[in-house]
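The same subunit A turns up in both complexes below, where it pairs with subunit B and then with subunit C.
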Partner chain A sequence: MDSKFNIQSYTHIRNGTISLNGNTLFESETEDFSTFIKEAYKSQHIEYPKFFKMDNLSKLAFIAADIILRNTSNSEENIAIILSNKASSLDTDRKHQESISDTDNYYPSPSIFVYTLPNICIGEICIRHQLFSENSFFIFDNFNPDCLWVQTEHLLKTKKANKALCGWVDFDDSNYDAFLYLVEDHGTFNHSIKNIKELYLCK
Partner chain B sequence: MQVKELREELKEKIIEQLNLEELSVSDIKDDDALFGDGLCLDSIDALELIVMLDKDYGIQLTDPKEGQEVFKSITVLADYIAERTNK
Partner chain C sequence: MHKIYLSHNAIISSLGFDSETVVENIKNEISGISRIEDEDLFQKPFYGSIINKTILKHKFNALKTKEDHTVLEQLMILSLNKVIKASNITINTSVGLIISTTKGNIDVLEKNSDFPKSYTYLSRLGTVLKKHFSFKTEPIVVSNACVSGVLAISIAKRLIKESVHKHVFIVSGDLVSKFVLSGFNSFQALSDSECKPYSKDRTGINLGEAIASVLVTSDTNYLTEESVELIGDATCNDANHISGPSRSGEGLFRCVNSAMKEAAIKPQDIDYLSAHGTATIFNDDMEAIAFNRLGLQNVPLNSLKGYFGHTLGSSGLVETIVGMHSLKLNTLFYSKGFTSLGVSKPLHIIEKTKQQPLAIFLKTASGFGGANTALLLKSITYKNVKKRT
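Right, the complex of A and B next:
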């Protein structure tokens, strides 16, 4: 199904590689996500100390969003955020669970607890880019371009937003996969479900 | 433990527990403000410090007003702990 809107840019973060519009921006051979994402942060010359306080899901979403929005974002552009994943915040939920499982050593960490919701990563992106726009976070069994398309088209057609940052950010037990894309009036690819699928699957 | 050593210990703990990755112990001055213009800690950091006081020093801080004063600086925090633990 075609649309009058277009995909202006897209990014992948998977398998130790960050790419923008299909072009590799950063590569690392490390298999450890914490090391990888810290190297990625430094390679992109981002100066945002709060990054180090985020959980893994938020770090993944934050870097992906920063790569796409660094040249475009400000609150006046009214960019909606529509994200999705499979694991929700399960990775951080487990860490919180571990901290409260021993009643004799019961010291839950407030800084872990605040990330026990997946949409917190959207909040981190909004704070960074000063966005006060519509946002949603969906949990699916698999990447679901149909649902993302419907939600995005609705927000743009009803002028609830001028642009939409959409996609998939999944982190669980050291496995990670991020694919974000920016939809607006102008862009290289038509905002169609077919194109979203193809861009998600491409490296 | 001398108060001076306690101050250094607190700086190490704060850097580690609050994930202040871009700071080292030498970057934190004894009288730097922990909140506001100093280390720019936030409300979640304050809660982490309260947990740290309880977990590592056995001090339970329940009065928010007391927290505002206790977390003013490393010097104030170290003196507060020392008074209550004889460290």
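Right, the complex of A and C next:
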């Protein structure tokens, strides 16, 4: 289905590589996510100390969003955020569970517990870019462009948002995969389900 | 353009296993919150609202389901079963399903759980319900903290407006688990007595469990007496803090404004405000600030947390359904637990259950991650709507 909206840019973070519109921005040899994402943060010259307090899912979503949104004059831009994944916040959920499973070694912490919700990463992006806009977080077994597409189309058509940052950010047991794309009036690719699917699968 | 209605509905909570019983209890100002001593849940007694699992077992067995299901799955099946049956809708490719939850089967993470750890993936709930009710479309799980239950209604509306579905069923649910109790306790957010939203002596939240279901449709052949039309909705982020509400109530202010703009109504057109009111110091004060900025300080307001506790991903839907019944009965329900106003701006808290003509209500919710959602709902005059022949 064709749309009057377009995909302005897209980014992938997977297999130790960050790319923007298909061009590699950063590569790392490390297999460890926390080392990789820290290196990525430095390589992109982001100055945001709060980054280091975030959980893995938020770090992943935050860097991906920064790469796309750094070129927009973001403040007061009405950019909806529609994200999805498979593992919700399970990576952090397991950490919280570990901290409460033994009564003799009981150490639940609010700074971990707060990240046991997948949409916290949307909150982190909104704070960073001062976005007071529409938010939704969906959970699917696999990447589901149809759902993202219809929600985005409606929000843009009804002018509840001027742009939409959409995609997939999944972190589960050291495996990670991020694909974000920005939809607006102008862009390189038509905002069609077919194009979203193809961009998700490409590098 | 299609009008969007909320119709057939069901609530399961400690106040009963159907909406009518739950609403009757609320009408009589009966709370579902009690002191709970259960070391499997929490190391010390706490105040909360827990569904009776013996009644659940009995009711679920009556469905004669062969598969082995978690408690949450059983509750969601029971609740949805009621609404699908009552609606008389045939499940085909034009019918969608949305599931709203924050933590799903999180109790399965516990060491002694009999279920595979894979059940903690939230998509499991979609798989279970799709199979049980033979849904022909892919279920959508929304997990957006404490606004999930209201946001699910906005998402259903978009699916119908964009002609993806004709009817959408929503089911919402979260349980009181060791996981959430320990987490909210680490935040020092749990109250050591029944919660007291907006009151001077409020000391925090009570957690509760509730499962709710509703039919969202644009087809007037499928309406009930308590059906309402969704006339405006919006979600806005505070862009301020991931766990603390904005001091100025920015996101809440913006989403209510946006919903009013869509509905083309003014603050004085709103007859009743079903607010979030968790009874934490900061949340309730943030709401008072936002509602004053919106000119809503004189609108009769309650928080239903004093009846259900905070039911997390279910709270928004449960409270919307109670609001629908409030309109049908033309009754404002007492804001249970309220003593004397303890927020920095004036609010019109409903201090006694009373009858009053009601046409439009505003439902709001706010949650971690900075999300705020507002829905504006208008009663339909049942007799004016075409009945199925």
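Keep in mind that, in the parts below, the second predicted complex is superposed on the first by the 201 of 203 C-alpha atoms of A that agree within 3 Å, B and C clash if a C-alpha of one lies under 4 Å from a C-alpha of the other, contacts with A are read in each partner's own complex, and residues count from 1 in each chain.
The rule is simple: a residue touches a chain if its C-beta (ideal position, glycine included) is under 8 Å from a C-beta of that chain, and two chains touch if they have at least 3 such contacts.
Everything quoted here is computed from the prediction, not taken from an experiment.
Contacts of A:P118 after superposition: subunit C is touched, whereas subunit B is not reached.
Annotation for subunit A, partner touching more residues between subunit B and subunit C: C.
When the two structures are aligned on the shared chain, A:I68 is found in touch with neither subunit B nor subunit C. Using the contact criterion defined above for the overlaid structures, shared-chain residue A:C147 touches subunit C, although it does not reach subunit B.
Residue contacts after overlaying the shared chain place A:D93 against subunit C, while subunit B stays out of touching range.
In the superposition on chain A, A:S101 contacts subunit C only, with no contact to subunit B.
In the superposed pair of complexes, A:Q130 makes contact with subunit C only, with no contact to subunit B. Contacts of A:P110 after superposition on the shared chain: both subunit B and subunit C are touched. Legend: residue contacts after superposition of the two complexes on their common chain; A:I18 is shown touching neither subunit B nor subunit C. Residues 108-110, 114 of subunit A are contacted both by subunit B in one complex and by subunit C in the other.
On subunit B, the positions that touch subunit A within their shared complex are 18-22, 40, 44-45, 47-48, 51, 54-55. Those residues of subunit A lying in contact with subunit C across their complex are 81, 86-88, 90, 93-94, 96-97, 99-101, 103, 108-110, 113-114, 116-120, 122-124, 126-127, 129-141, 144, 146-147, 150-151, 153-155, 160.
Considering their complex, residues 38, 49, 52-53, 107-111, 114 of subunit A touch subunit B.
In the complex of the two chains, the subunit C residues touching subunit A come out as 43, 102-104, 106, 109-111, 120-123, 126-127, 138, 140-145, 151, 155, 158-159, 161-162, 164, 178-179, 182-187, 234-243, 250-251, 254, 258, 367-371.
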